[in-house]
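Shared between the two complexes below is subunit A, which has subunit B as its partner in the first and subunit C in the second.
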Partner chain A sequence: MRHLSDKALTRLRSGADLPDVGGTRYRLIGQVARGGMGVVYAAEDELLQRRVALKVLEMPGSEGELANRLTREARVLARLEHPGIVPVHDVGTLPDGRVFYTMKFVEGQRLDHYIESLASAPDRLRIFLRICDAVAFAHARGVLHRDLKPANVMVGSFGEVLVMDWGLAKILADVTHAEPNDPCGNIPRLPANGGIGNTSGTGDGRVMGTPGYMSPEQARGETELLDARSDIFSLGALLRYLLTNQLPAHPLPKLDRSLEAICAKACAPERERRYAAVPDLAEDVSRYLDGLAVSAHRESIFDKLARFYRRYRFFIWLIATYLLMRVLLILLIKH
Partner chain B sequence: MDHDEFKSGDGRFPATRWSVIAAVRSEDDADRKRSLDTLCETYWKPVYKYVRLRWNRSAPDAQDLTQGFFIEMLERELLNRFDGSKSRLRTYLRLCVDSFVMNEDKAARRQKRGGEVQHLALDFAGAEEEISGGTIDAAAIASPESLEEFFETEWLRSLFALAIEDLRTLCSERARDRDFQLFERYNLDGDNEISYAQLAQQYGIAVSEVTNGLAWTRREFRRLALERLREICGDDDEFQREARTAFGRNAG
Partner chain C sequence: MNKILLGLLIGALLGAFDGSTAWFYPEARAQLAGIIVGSTVKGLIAGVAAGIFARKVNSVPLGIMFGLAVGFVLAFLVAYMQHDHYIAIILPGSIVGLIVGYATQKYGATPAAAR
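Up next is the complex of A and B:
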């Protein structure tokens, strides 16, 4: 039996790890990322002559939990045609038996890297609103993401915001024909007993998600009870991260009261106390950006005055300056 | 160890290779023996090198301990106690080796094995050559983490070497010896990387033939290695984890 040198061992591992795309329309360019379920490669679609992202399972076989999950993820993405959700192009099995799908190749940065160069809180909030749009759309189509976090959001080179990695998504109900003009409508809400059939590949009570971003019910493995409010918890944690640059586990710096109230409501441990739907959360953030009162925060008179001042600061100073000038002019004339 | 035991009918492998853990718990003596053979085939070299370097034993001592360990594994039914939810089989076996070496009463066991138990036919000289080849730094495996890493590397080396032998046989059966030579030349020979174009020139064939030959052998190598891996894992979860260890790291 032949002895393998360390170099040969490394070469064999790397070589055998590469997906076999021989005879397909794709040509591998390089590895982009490696996740819990598979590996993402940049590839060239030689037929259409465009770059795509090819996500492939590490293990061969079109059966088994991971293969089912990858195929499911592709099908979930296929039903979510939205500018904020990465579009899927193709799904299948490679000659080496590994399940794969291809999707749009997003040239950009992960959100956690992108925001390092983004100092302005309003800019960050506007990105958050676009994430909310995509998630609200998915909810309207009966799909929960279940792993919303900065690493799963990409910001493209033209500022487009894309929610990625739907591998843990849970399909609550088949509502593929929901009215596209009704972003708030038809949001599936499960009754207490679970109600709508769970078609998730991870619905066996096992805990899947990211600590700090997953809701308490998700962390307890209560997959049957998950609904839109579970993603709202994750969005709240993501909002905190956007505003503070701190992971949820870290002690958080003090925020503006309204924003703090929005985060607190989104991340309430009891889901009944959270926003009922993503558009409600987005509405509060929009109102904050417009200098209006938010539903999550009951303001005192001082808060109202402070908000009024913040909103009309320019005009207040303009009028004050005008009045001051008038007074000075009158005094000057009198003397 | 007889490789022919793994052949069945006109195919190279049985239709389904089942886990050694299932086999070792079987009522059938032949199944139990086969499970030990499989484990021994994959693990004897990592165990031997581990005993030599981790426990700093002489070659004759390490040979004796390696033989003794596999025999004890059968006699004391150590695999029956393996619990896949607590550890990987690989880690469990390494800890068993540690425990075995610590408890070994050399004189008594040598006598016992010399008198009653047949020795396993293992190529210790080859293993010794690999150790003295200088690729392993004994001083670098002092910490518990590096012990695990060392054992993992040697386990993988052994697994891949067996898969390469399987590939050689397969290529021979399918009259694809040239593809195997390409695979060897590209992946195993020398320290300098060789390009597809250079290979094509050396063998007087088109680059596309090199590409196809290497793609096929790579795919088959992966399949064969995974088949062997599946056999030496306790359950599917462990198989998935070990496959990631085998192919997932250092790649790309």
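Up next is the complex of A and C:
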């Protein structure tokens, strides 16, 4: 009896792990990423002749918590049609029984890699504002992301900013429009109660998220308390990361006072002290970019003067140059 | 504030100030009022021109160049009429134009898009 080598075994195992897309419109190209819930492959949609990202469960089976969560993620994405949220194209079950969905294949970089080439703080803040737009849109549709972090934001090759990985999303308000003739008969529906109190949807009552980016109430597993302010905490941590290149756990370098105040308000441990809604946070960041006072920071007269100087620096220097030249001309002519 | 109005305001203010510095030249004190009025009008013209330019062309460097050119031409005409004080008139006049050109581009509000 001959034994297989380790190398051959590994190759066989990886082949067996590949999802069976035979008989579907998709052809696998290669693995793109692997997460806690599933694997993302680049695939070719042979019908439409375009590249898509195919997210599939690691384990076969169209029932069970993970399968429900993947389907739920697809349904969440389907209701969030926004330029800042990756669009879902298809959902279903593969011949091997694994649940999958396909979405736009984003060619670009993860935010944490992208910002290495982005030196200017205003440019980083403008990216942050686009993330806020997408998250605010999701909140308006009753969806919390619950896992906002640099690794879950992609910047496309044309500068488009896309919020990804809605696997931990929580639905605060049910806005599902269920059709009686569902083409995906085997796809579980979103819970009628919108996921609140659901123990299987997104693991309510359990700690899910990313340390440093998840809010204290999320870290304590108090999912019934989660609302927009929980995502605002994550956005605050993301903002800090964008401005300092440091993970939230690291000691942070000193920031501009207004920006520091914005981050501190967004990341306040007590949710009552945070911004009430994402547009409020975005408004403060926009005001900072425009050189205006921000709601999070009460300015002293010196802060106001410093901000005035920053805003009109070049103009002030022009006037000063003009005055200096005037004085020099007068002195020159007098002597 | 809209670009033309901002140009008018800054042009008038800087023009009036520019004219009032004639007080430091004893030989010009007698005509101080006339100089201030003339300089203010010069600033107003430069301001309107820079404001109109800023509405048509959205570029700070081009706005600065345009303001500088308008300021220079207007100041040169004034100096040419006086046949004197070329530098004392042209240099500040050009810089006033430059400042107005910059301010209208940078701080003037773009009119709302037509419906």
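To be clear about the criterion, the second predicted complex is superposed on the first by the 304 of 335 C-alpha atoms of A that agree within 3 Å, B and C clash if a C-alpha of one lies under 4 Å from a C-alpha of the other, contacts with A are read in each partner's own complex, and residues count from 1 in each chain.
Everything below uses one rule, namely that a contact is a pair of C-beta atoms (placed from the backbone, for glycine too) under 8 Å apart; a residue touches a chain by one contact, two chains touch by 3 or more.
Here the structure is a predicted model, which means the values were calculated and not measured.
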{"item": "Subunit C versus subunit B on the shared subunit A, clash or fit after superposition", "value": "fit"}
{"item": "Which superposed partner A:R310 touches (first subunit B, second subunit C, both, neither)", "value": "neither"}
{"item": "Partner chain in contact with A:T321 - subunit B first, subunit C second, else both or neither", "value": "second"}
{"item": "Subunit A residues touched by each partner, larger count belonging to subunit B or subunit C", "value": "B"}
{"item": "Which superposed partner A:R27 touches (first subunit B, second subunit C, both, neither)", "value": "neither"}
{"item": "Contacts of A:S5 with subunit B and subunit C, given as first, second, both or neither", "value": "first"}
{"item": "Minimum C-alpha spacing, chains overlaid - subunit B and subunit C, in Å", "value": "51"}
{"item": "Subunit C - residues contacting subunit A, complex", "value": "14, 18, 21, 24-25, 85, 87-88, 91-92, 95-96, 98-99, 102-103, 106-107"}
{"item": "Subunit A-facing residues of subunit B, complex", "value": "123, 126, 129-130, 133, 135, 153, 156-157, 160-162, 164-165, 187-188, 191, 211-212, 215, 218-219, 221-223, 225-226, 236, 240, 243-244, 246-252"}
{"item": "Partner subunit B, residues of subunit A touching it in the complex", "value": "1-18, 20, 22, 30-31, 34, 39, 58-60, 64, 66, 95-97"}
{"item": "In the complex with subunit C, residue positions of subunit A that touch it", "value": "314-315, 318-319, 321-322, 325-326, 329-330, 333-334"}
